[in-house]
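Submitted below is the structure of interest, expressed as structure tokens.
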Amino acid sequence: MTTNISKDLLMLMLERMWRIRHFELKLTEMYNAGEVGGVHLYIGQEAVAVGACAALKDSDYIAGNHRSHGHPIAKGANLKKAMAEIFGRIDGYCKGKGGSMHLADFSVGILGESGIVASSVPVATGAALASKLEGKDFVSAVFFGDGASNQGACHESMNLASVWDLPVLFICENNQYAVTTSYKDTVAVEHISDRAQAYNMPGILVDGQDAIAMYEATAQAVERARNGEGPTLIEALTYRFEDHSLGLEKIRKSEYREESEIDEWRLRDPLDLLTKSIVDSGTATPAECDAVSANAHAEVEEAAEFARNSPFPDESELYKDMFASDMPVV
Amino acid sequence: MTTNISKDLLMLMLERMWRIRHFELKLTEMYNAGEVGGVHLYIGQEAVAVGACAALKDSDYIAGNHRSHGHPIAKGANLKKAMAEIFGRIDGYCKGKGGSMHLADFSVGILGESGIVASSVPVATGAALASKLEGKDFVSAVFFGDGASNQGACHESMNLASVWDLPVLFICENNQYAVTTSYKDTVAVEHISDRAQAYNMPGILVDGQDAIAMYEATAQAVERARNGEGPTLIEALTYRFEDHSLGLEKIRKSEYREESEIDEWRLRDPLDLLTKSIVDSGTATPAECDAVSANAHAEVEEAAEFARNSPFPDESELYKDMFASDMPVV
Amino acid sequence: MTEKMFMQALGMGIAEEMRIDPKVFLMGEDVRASVYGAASGLHDEFGDERILNTPLSENGFFGAAVGAAAVGMRPIVETLTSFMWVGMDQLVSQAAKMRYMFGGQATLPVVYRAVMYYGGGSAAHHSDRSYPVFMNIGGLKIVTPGTPADAKGLMKTAIRDNDPVIMFEDGTLLGTRGEVPDDPDFTVPFGVANILREGTDVTVVAIAGSVPRALAAAEEMAKEGVSVEVIDPRTLVPLDKETILNSVGKTGRLVVADPAAKVCSAASEIMSIVGEEAFWDLQAPMQKVASKQVHIPFSPSLEKLVYPTSDGIIESIKKTLG
Amino acid sequence: MTEKMFMQALGMGIAEEMRIDPKVFLMGEDVRASVYGAASGLHDEFGDERILNTPLSENGFFGAAVGAAAVGMRPIVETLTSFMWVGMDQLVSQAAKMRYMFGGQATLPVVYRAVMYYGGGSAAHHSDRSYPVFMNIGGLKIVTPGTPADAKGLMKTAIRDNDPVIMFEDGTLLGTRGEVPDDPDFTVPFGVANILREGTDVTVVAIAGSVPRALAAAEEMAKEGVSVEVIDPRTLVPLDKETILNSVGKTGRLVVADPAAKVCSAASEIMSIVGEEAFWDLQAPMQKVASKQVHIPFSPSLEKLVYPTSDGIIESIKKTLG
């Protein structure tokens, strides 16, 4: 895909995608070594979050789900704090209280990942409501899966956002499966983006392996949102290359997907595709691209080291943060 | 509308519509006299339930909502038991435990009205699931409002019914308002029936004042359902002639609808329209039609008398029916 | 001080806070018309921008309130207790848990106004009194005003509070009258019980709609020479244990009157605390006067058997006196 | 009798009942692959028709189960406790209330299997132990098996029962082992507590995952010459009050160990009953050993502080001994 995106932005996207990839690979390694618990890997889907977040500003908000490392890293999360959180340490984003599924960084607009499928969809809609009520120009975007799209929360939020013209982007990452279940068995229409018709909003089907396509679709939707023209539903066709989660290996054995299908999707690795675009367009050299990866790798290693060395939260933390006010909980 | 519906069926529809109308008028009278509490009147919408239920058999199921007298009467409920229930008496359908919003008669397929908006939509979907799992040929139909259509329960049920091809009819009674709020302010699309596209099922827009049109649309959907072709969404355009409920008179003062709008809709009274069809087509004489009304009126008077004379449930009933087994509850 | 109805007092509290703080807004079904009463006049004063009629989508707009609060607004959400089941996930998974699981990053100043209609033939689908459920869940402040003055003062505190709060507005109290301070600075703090009547023989802890019933019972018992102390906890989270334990320390006898269903009720909780922490003070079995463990029957002949009454409280007081 | 894991015992119970009764079917997310384990092998045996993978629509399919049950099927629904919030309205407004509000017309033989993962770093969104919530709501039978044999026997009873049942399957017990009867006629009745160990000095009522911890504590105390009676109520609705009251009548001392959050917990309820009905038998303050009133923190250093432990139970036993 040819594009007129600046080199800076392209390289930023490449960097964030590599950060995610290396982050997830490192976690796999550490999981196998017994250093961390089970997590949901974003490998294969990097272009979705990164392409989308490249179209957002720091002052814009995102919210995510249980497949929970890609979105915050794409939005600019600090790898050390993210890793420390997954280690359950005091220097983590949530002081170790949240863990892998609850990364958040309110300071750069990351309203948080969420373990209950589709439960951050209404929350992101509410952030957009605040933008509208206060006449601000920030937008919010929420990432959710093909499985999540079947939750009532999505219907209610999309309808609400549309009748109130809220500046929110509903980004459905259709990675084809919810755990072992194909979306073809649970979604009544061909494309989830077709459901946008039911809410009188644009429904855009995007190649989720292509970061540039994701960026462009999102940028368009952001513009609409900032202009007060309301929400957009973006369906990104993508694939998770790995198991549903580290820790659910046994499910792989149930053979809910063919090896050949996985192999085919792997041919469209989002990192390869973006690198190729960058190189083919003469934007950067292969060596420059390799350096981005190497750098991200080093950052991730540092983050892991940081996380390992951070202490566990101590007993005094237990009741803290239940309430904003310091009051006895019981 | 010309039609090849049998005289028997037309007269049955007229009878049930008059039963509903007289039932509601009697309740209004008794409410004003302080004999019964607040209820949601179905006046103006009679053609919807009656037209739809005319296309169903006794072995088919229906479920309803808070506007709760029309559906059961349309499906063949006993007026005495219905009235006694609204009086909270032991001879009522639910021994007085349910009241106006919870009429039910499982013996003729009335799975019950429901006070929580949209909450019987999944239930009706489940009845249809049973039909499919057991290879039975019964269908189920659920009545819900324009307001209710914005609940997640509707999305989840319609999607589920479609992916599983369940024999269920989603009948949305668009009476234009949810309490004081126009559906135009809460539904993002022009017609609620347009949402059917999002579930890959037929969406049919029907004149809900026209019992024959309702019958025909429903009969078509029933046929599809019995043939294993799955669910249908029917949107019936209708109007409630009275306030949201007896007991919420003060809301009328908020003037959420113009007198002229009410007057216009009253010109299309479903009883007038059906009577005219019947008379114009030579199916029956005006006198025959009047007799139907008079008869229904007498039945309602009898039902009121029956209800008045039925005793209140006594203390021994309090814990009964919490559980099927006789066990101490506490 | 002016005499006001409980419902008006709630509305006064909201209006005063909306005047002070432009971040406060009210959303819910038909709030512009104020179907439930306490929002009367607000639409006229604050207009469409701050009084929002929502679609019938409780999970959606309960959650939208969380999101709006998370980025700095101060939403008030109006609903009935019985409709909270529909939006339960957003209340529990987001409103209640978000702050803790994000290590304190989220500040959620949102007030859910849960009107509890019961006692008037609303039947099973419209009569829930579910505060014990939210007490168990944790992370939400639970407010149960028992008098018109508290209705106003606690509402104002709720709106100013930086945590998610559920105001359980007791339907049987909405029409009660009492003196309500006009002072816009008047607030009632959370976590401080109200000793409505001092006494020395028996402690009656009365929640929400039980408050006037407990006071009537105390009055009645006074005629028989029994001195009853009546305590309204006002907020169940945080709970002012201290005041209750001190009172039992003085009286040695405890009756808890709670309109919630009796199993795992607020009454159960308070009794479990006293049975553990003030056991040696107790001179008689504790008495629970809560609702019968049934769904709410429509028929008045059955419904009247369900809730705590003055007579029921009197009977229990007598039991503790042996 | 064969030694089985708790999780296998649950599956055995389901399989046996499905063999007997063609109306029984299982539905839930990814149940064909048995992501949560206890449905292992069922898809192979019973096929697509009776093992249904649902969309991610808890409110929708929880309610569909009610509808299917209302017209004669016997659905088993698999979910996690934490996902029940999403489908709460159908559980409360329909499953729990329908029979009563329709005067007994609806018979709803539906079993909700709520797996409770906690204690293993699942964090706030996946660690709920919400049975006290459903105890308060009423209308649902609440089952909390504490041993593999009970897992099977109570599951079979649940499936045969004509009321809606929630089986709370404790994640910390899924891997425990024990003798399980092979007899397909073996069932465990509801409302009959299990006296797991007789004793004379202190009564410990232990719920779900607290059962092995209470037994370990009793074992430990025996070494110190203290005789502890350990009672597993097995079902919280119906609750076998009798057995608990009789035991306290004998020992005079009560400890309740409950993995639920402590406020308005099952422990609170049991203590409130004993404090009212067996007060004169009590010789010491009752002791609640329940989870701390916080959302579940991810970090193991914090999470381990939350739940009842054997040590915690021992400490409380000692407190009751003064």
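Read from first to last, the chains carry the letters A, B, C and D; within each, the first residue is number 1.
Note that contacts are C-beta pairs under 8 Å (C-beta built on N, C-alpha and C of every residue); 3 or more make two chains touch, one makes a residue touch a chain.
From a predicted model like this one, the values you see are computed outputs, not experimental measurements.
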Path length in steps (a step moves to a chain that is touched) from subunit C to subunit D: 1
Selected interface, B-C versus B-D, where C-beta contact pairs are more numerous: B-D
Most remote chain, CA-based centroid, reference being subunit D: B
Subunit A and subunit C, separation of their C-alpha mean positions in angstrom: 40
Whole-Å gap between the CA centroids of subunit A and subunit D: 36
Junction residues of subunit D, two or more chains touched: 54-55, 57, 59-60, 82, 85-86, 89, 93, 100-101, 123-125, 138-139, 263, 293-295, 297-298
Of all residues in subunit B, the ones touching two or more other chains: 94-98, 102, 114-116, 119, 150-153, 155-156, 159-160, 163, 185-187, 322, 329-330
Touching residues on subunit C, where the partner in the complex is subunit D: 82, 85-86, 88-89, 91-93, 96-97, 100-101, 123-125, 130, 132-133, 135-139, 237, 260-261, 263-269, 271-272, 274-277, 279-280, 282, 284-288, 293-295, 297-298
Subunit A residues within the subunit B interface of the complex: 150-156, 158-160, 162-163, 185-190, 194-195, 197-201
Partner subunit A, residues of subunit D touching it in the complex: 29-30, 32-33, 35, 53-60, 82-83, 85-86, 120-121, 123-126, 262-263, 292-295, 297-302, 305-306
Parts of subunit D lying in touch with subunit B, wherever the complex brings them together: 25, 49, 54-55, 57, 59-73, 75, 89-90, 93-94, 98-108, 138-139, 141, 161-163, 190-191, 238-239
Residue ranges of subunit B in contact with subunit C within the complex: 37, 85, 88-89, 94-102, 114-119, 147-148, 150-153, 178-181, 185-187, 248, 251, 254, 256, 312-315, 317-319, 322, 329-330
